[in-house]
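Across the two complexes that follow, subunit A remains constant while its partner is subunit B and subsequently subunit C.
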Partner chain A sequence: MISASFRYETPSSAAEAAGLLNAGAQVMGGGTWVVPALNHGVRQPKVIIDLRRAGLGGIERDGDTVRVGATCTYADVLTSSLVATELPLLKTMALGVTGGRQILNQGTIGGSVAAARPSSDAPAVVVALGGRVVVLGPDGGRIVDADTFFVGPERTVLGSNEIVVALEFSSARGLHVGYSKLKHGASSWPIVTAAAVLRDADAAGGPAVAVTLGGIAGAPLSVDLGDCLVDGQVEENRARTAIAEQVDLIEAPWSDVIASAEYRRAVAPVVGVRAVRMAAGSTAGDPA
Partner chain B sequence: MSLEADLARPAQPASAYVGDRQRKHNGNSFLTGEVMYTADLTLPNLAHVAILRSPHAHAHVRRMDTRAAESMPGVVGVLTGAQAAAISDPIPFLLDPAGLGGKNAPVRCLAGDEVVYAGQPVAAVLADTPADAAAAARAIDVDYEVLPAVLDIKTALAADAALVYPDWGDNVMLAGAFGPDDFETQAATADHVLEGELRIQRSTPSPMETRAYIADWDQRRSALTWYGTTQNPHPQRFVLAKALRIPEHSIRVIAPPAGGAFGLKMHGHPEETLVAVLSRQFGRPVKWVESRAECLLQGGREQLQRFRVAYDNDGRVRAFYDEFTADHGAMAAGAGWGMAFVGANSFPSGYDIQHCRVEYKIVVTNKPPSVGMKPFGKDSAVVVLERAMDLVAEATGLDPAEVRRRNFVAADLFPYTAASGMVLDSGSYHSVLENALTMIDYDRRRTDQQVARLAGRAIGIGIGFEMLAEGADVPASFVTAYDSATVRVDPSGHVTVLTGATSPGGGNDTAFAQIVADRVGVGPADVEVVQGDTALCPYGTGNLSSRGLVVGGGAVALAADDIGEKLRAIAAGMLQVGRGEIELRDGFATASGDPSKALPLAVVANAAYTLGYVFAPDIEPALESTRAFKMPNVRQVPDDQGRYSMYTTFSNAVYVSVIELCTETGVVEVIDHAIVHDCGTQVNPLFVEGQVRGGVVMGIGAAIGETIVYDSTGHLSSDSFKQYLLRRAIDLPSLAVGHEVTPSPFSNLGAKGVGESGYAAAEASLMGAVNDALNPLGARVDDFPLSAERLLRSIQAARS
Partner chain C sequence: MNPGSDELVITLNGARRDATVDRRKLLVEALREDFETTGPKVGCATGDCGACTVLMDGEIRKSCLELAVAANGSVITTLEGISDGQLTPLQEAFWDEYAFQCGFCLSGMLFSAQDLIDRVPNPTDLEIRSAISGNLCRCTGYDTIVNAIRRAAPGSSATTRHRPSIEESEDGKSASPSS
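Showing the complex of A and B:
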């Protein structure tokens, strides 16, 4: 039960929203993180800025780029034919989000990215797809590559007067993708997630394979598995070792009440290879 | 079966409704959200409570300043522990350990100068809205002197341990023993002795409905009406009377329909008294609704078990020794400590081991107090015995099922007096086991397991046998093996049942309607059941110890038979036949020899009130009977070995699980399971299955993943369902439920309890199944929960 009063703003444009921002304000999308935090008294912001009427929904194509509005819900992602063909990994991720219909209909992709929780699905997938985060502040906009956007647990490069307005992706149509995550029961947030992207030898840019892990460090961790390709196939033992080596280098490994850092470190190679295996076994353009 | 038992049970009527899988008569109101739970209730001028809870596990309260809080918007008043102590008494214990030679410490509705756990209520704010109250609670300024805390058994028992209660001299609430102290002598003549240990983590019952209480003090009459999620309205009234220093008859307790209880809602919680004190003090009706985080403070079952088993090569156990240490948390006025006592008393489960010794110790620590939780400590005995049987199987090379067969109490040994003094009433354990093994296709599973192992898959099969003592009658307490009921038929022929037994939501009210329907001849739809109101219902002790249906239903049956007798007398007079020829069925009183002679029951009922002199002048008028049913098989005077027998029915079950363990991640998946359960005569098999399924899921959860976690300073870390991971519907496969019926020779319905069933068997089975899967890998676990992290570590340790 929310017991501290606050001012509730519903800006009708991104610019208006940016103008309302200050250090004491809390931005919300679907509220699936913010409202429970208010209920538990973890946060007591003076102002809540609800972005849902600011025109930040919508999924559009712009040439080779797919733009997903920040307040698109997981349900929007699931029903979008554009996502299904161009960004199937995003759809797969949305399908498995913990929390069922209520969360799917309410939680937003932009909100998940801005919240930057290690126990979320979206951040690692956005990084795996080479996404770009479109940011707006009172001084104007900027675009940040997803792999530099996330700094640590619940920490991004967003300034206190900036909001995420959209995510941009290059089409992943020609790629093989795989997604795997480890949960301890249906009610659990993911412990470790792995998003694998594999490019064929005959695709533009040549063969490439990488897996991005969530829940293992404070921010998503990408591991290049190019050296594990043997005759165009990913050699799984090498991949496991490569992932383990990268995981060992993490300075601030993530842990929480449901799983320790030691456990996450032990299972990361397993989950990573599962995602890679799925990618290797799929047809380019198929969902994971 | 003894003559005594035969006399206890009157002739059973032909059952039209008892035994039927009737749906809840009021089920629609639950499904459509019409039911008014306690938190749904409102009263004029209602005020709301927020409780300030100690942030420290152990501290001295130096100073408390409530002035800022008192002047905040909407605030009606603030109550501190010192103020509460001036106007109320400590809460009477549901079970007092001092009665057994142990120690106690007074528990009040608000802490005084010492706080002994993080979360302990220290002050209360009353305000116009819950939000106003919560905001003001944050403004109370408390100056604590933090003291060293003990947070686990080892620390609490260390020689230089900080004391939770300084005047105790140590941190032991109670210690004792059951059974003959002859393990060493017996072990000397056995072929082998093995040792084992088990640690069980703290868990919590998680009812869908958290606790809620409303107190309405009437200044003019000096009377209290108290609404709340209590399992035991009449005892609750006694507790409130004592704490508030007012006569019991000036209190009315009303327990609205409950959304699950599991023992959590037995009386003794500080907030029960707190709302009443606040209402009387501030002259407003007062409401408190527990948050989920507060509800997760309630928990228990944390324990350490060390056992020794003396056995022969043929798998027969000759002697058993167990050392049982329980971490109770801080003292409480509720039933929590009783679980260790009952758990110790429940050894050796349903096995024929006369040389069984259990030494128990209940330790206090600076954590929230244990609450009574199903199956109230009996899981301890089950889990330890099942582990022991599996270890004996491993050591002897026998199949785990065979070891159990060789050690069960055989069907012809009942009533069987166990080493602890418990007298087990009846049972068909061998039959239950065989049926469960058949249901799971045990032999084929073992073959499949061999094949799977060759393919590198770790499949495990676990057998969990539970024997559950139920229906306790504890001397000098309100835990009773009797209950009362009034059955009343009005002149229009409608039946009302008023019962002292309450329902946690499991449907015993519908069952009561079925019992009445059979004996009075109406349909269940013509029966209204009233529960949970001390102003209306005859004395009872609510629902606990799985006795609501057994003794509550037993009383209903007696009262309904009285009514039936009167109806038969009146109808016989009206139809001019003998009283013995009247059958009551389908809404009619019919002459058995001549079906054309029949009267609607409504007509007979009316005649009972208006034509009694004409048709049955010898019958006491008014169709109403209040009866109490008491289980006869209680012994509260010690026998020649100093033993008591407090439990009155003994249900049992065998649950078998088949699991797959992922050796890369430690994750356990239940791929199939089945249970055969015996609770004697079943009034409503649908409700029996509901209880069994629920218990099994709770047991699986506690076995695999539900853990209450405290940080190093004694704060609850698992304060939501995102950290405390209950099993969801998609986590588990469908459970096949089979039934055996071995009636109780002592209850007039032949029924035994089922309210605590399933949990212990499931928990035990999973420990067995996981170890069965780990065995070929050279790994082993002895701790609950069987978390992925623990299992993976065990596998990795075995590899290196």
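Showing the complex of A and C:
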């Protein structure tokens, strides 16, 4: 049983939720991270704001933008035809989330982004896709690019009076994508994750390739591998070296009980190149 | 009512039930202590082991990751409610394949397995192992569990026991110590 007492609120709208926010509150999405944190006394909020009835589910298209509600579960992502066609990388990520079908039913993408745990799958994938975090606070909303949203382990630019209401993505249709991660076993947290996105030479914007790594620093780390493209093909040795160079520059490498910083640094280039190889070998628009 | 408690009304194993529950309780604790359904077990209380898995509003969930108060109004099935006095075909298959020993993981395993074979009538071994990846067993190991789920799947042709008997040991001789 949780040792500290608390109030429990289930706001029926995002605006109501935002109105309840204060420094002593803990926002809860699916609960897969918050409930154990409460139970272990890691978090002792005065009030819990449970978003499950706030109407923040749903995956919708608005022109070329796909909007994923903050309380969408991984299972919602897996069953969405919109995600399958426009954001296949998100689907691949959801399919590989640790913890079995139960966690797919309970864990939320918005919750994972707000929790910003270094080893979680979602943050690095949201960054890799160039996602945007839609935030609501007492003074209204703002949209934050995912690559500036995460600032460290379990730290984001989210104020104590703000909540994540949705994630927005431009369609990734036509991009080649790959996702790879290393973990000790089926039930363990990932050590390092890598999400690769590759754009063909004849696509709008020209050729591009980048990989975003999770679990290597406090926040997701994106590495531009454009210089590793030779005649439209990724030169893997160059990519491995480029990733290693960027990883070596990290000032505060992530380490925890699952793996040391040295180990993560050693495996990151390998995991990164695997994701790039998957992207290169995939048909544009297909799930990795 | 104590200000730290809530009136919780749920539909549990087909019956409308209510109880006054300490707000600090996890759903698994309320189910076991306030509603006296001890099928769901408290293993890790971190969402790793799956022993607390129940069916909640039509989907399997780990009840240690739910606040009891958040379950108000939900429809929940625990091990006690999966059949009406008879073993289900899945339970029979677990029995026949020796797929449990201490039984602590069994309730959760049954929910994960049933969820799979309801969605995928003839799952591959990879699909079976993926389906139980959120459930830990620390005594039987997983091969017999996989065999049981394969056997119980409605689209499966597996009807015989996969585990060789002692007499069918690898060298064809009896493994009895007296031989």
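Of note:
Keep this in mind: the second predicted complex is superposed on the first by the 288 of 288 C-alpha atoms of A that agree within 3 Å, B and C clash if a C-alpha of one lies under 4 Å from a C-alpha of the other, contacts with A are read in each partner's own complex, and residues count from 1 in each chain.
Note that in this section contacts are C-beta pairs under 8 Å (C-beta built on N, C-alpha and C of every residue); 3 or more make two chains touch, one makes a residue touch a chain.
None of the values given here were measured: they were computed from a predicted structure.
Of the two partner chains, neither subunit B nor subunit C is touched by A:79. In the superposed model, A:186 lies in contact with both subunit B and subunit C.
Once the two complexes are laid over each other on the shared chain, residue contacts for A:148 go to neither subunit B nor subunit C.
By the document's definition of touching, of the two partners only subunit B reaches A:267; subunit C does not. Of the two partner chains, subunit C is the only one touched by A:50; subunit B is not. In the superposed model, A:241 makes contact with neither subunit B nor subunit C.
By the document's definition of touching, of the two partners only subunit C reaches A:32; subunit B does not.
By the document's definition of touching, of the two partners only subunit C reaches A:101; subunit B does not. In the superposition on chain A, contact of A:6 is made with subunit C only, not with subunit B. Overlap of the subunit B and subunit C interfaces on subunit A comprises residues 1-4, 36, 40, 186-187. Against subunit C, the residues of subunit A that register as touching in their complex are 1-6, 8, 10, 30-32, 35-36, 38-40, 48, 50, 52, 75, 98-103, 105-106, 186-187. Note for the complex: subunit C touches subunit A at residues 4, 6, 22-26, 29, 45-48, 50, 53, 59-62, 64-67, 69-70, 112, 115-116, 129-136.
Interface residues of subunit B, counted against subunit A in their complex, comprise 50, 130-135, 138, 291, 293, 664-667, 705, 709, 717-723, 725-731, 787-789, 792, 796. Across the complex, subunit B is touched by residues 1-4, 36, 40-41, 182, 184-189, 256-260, 262-263, 266-267, 270-271 of subunit A.
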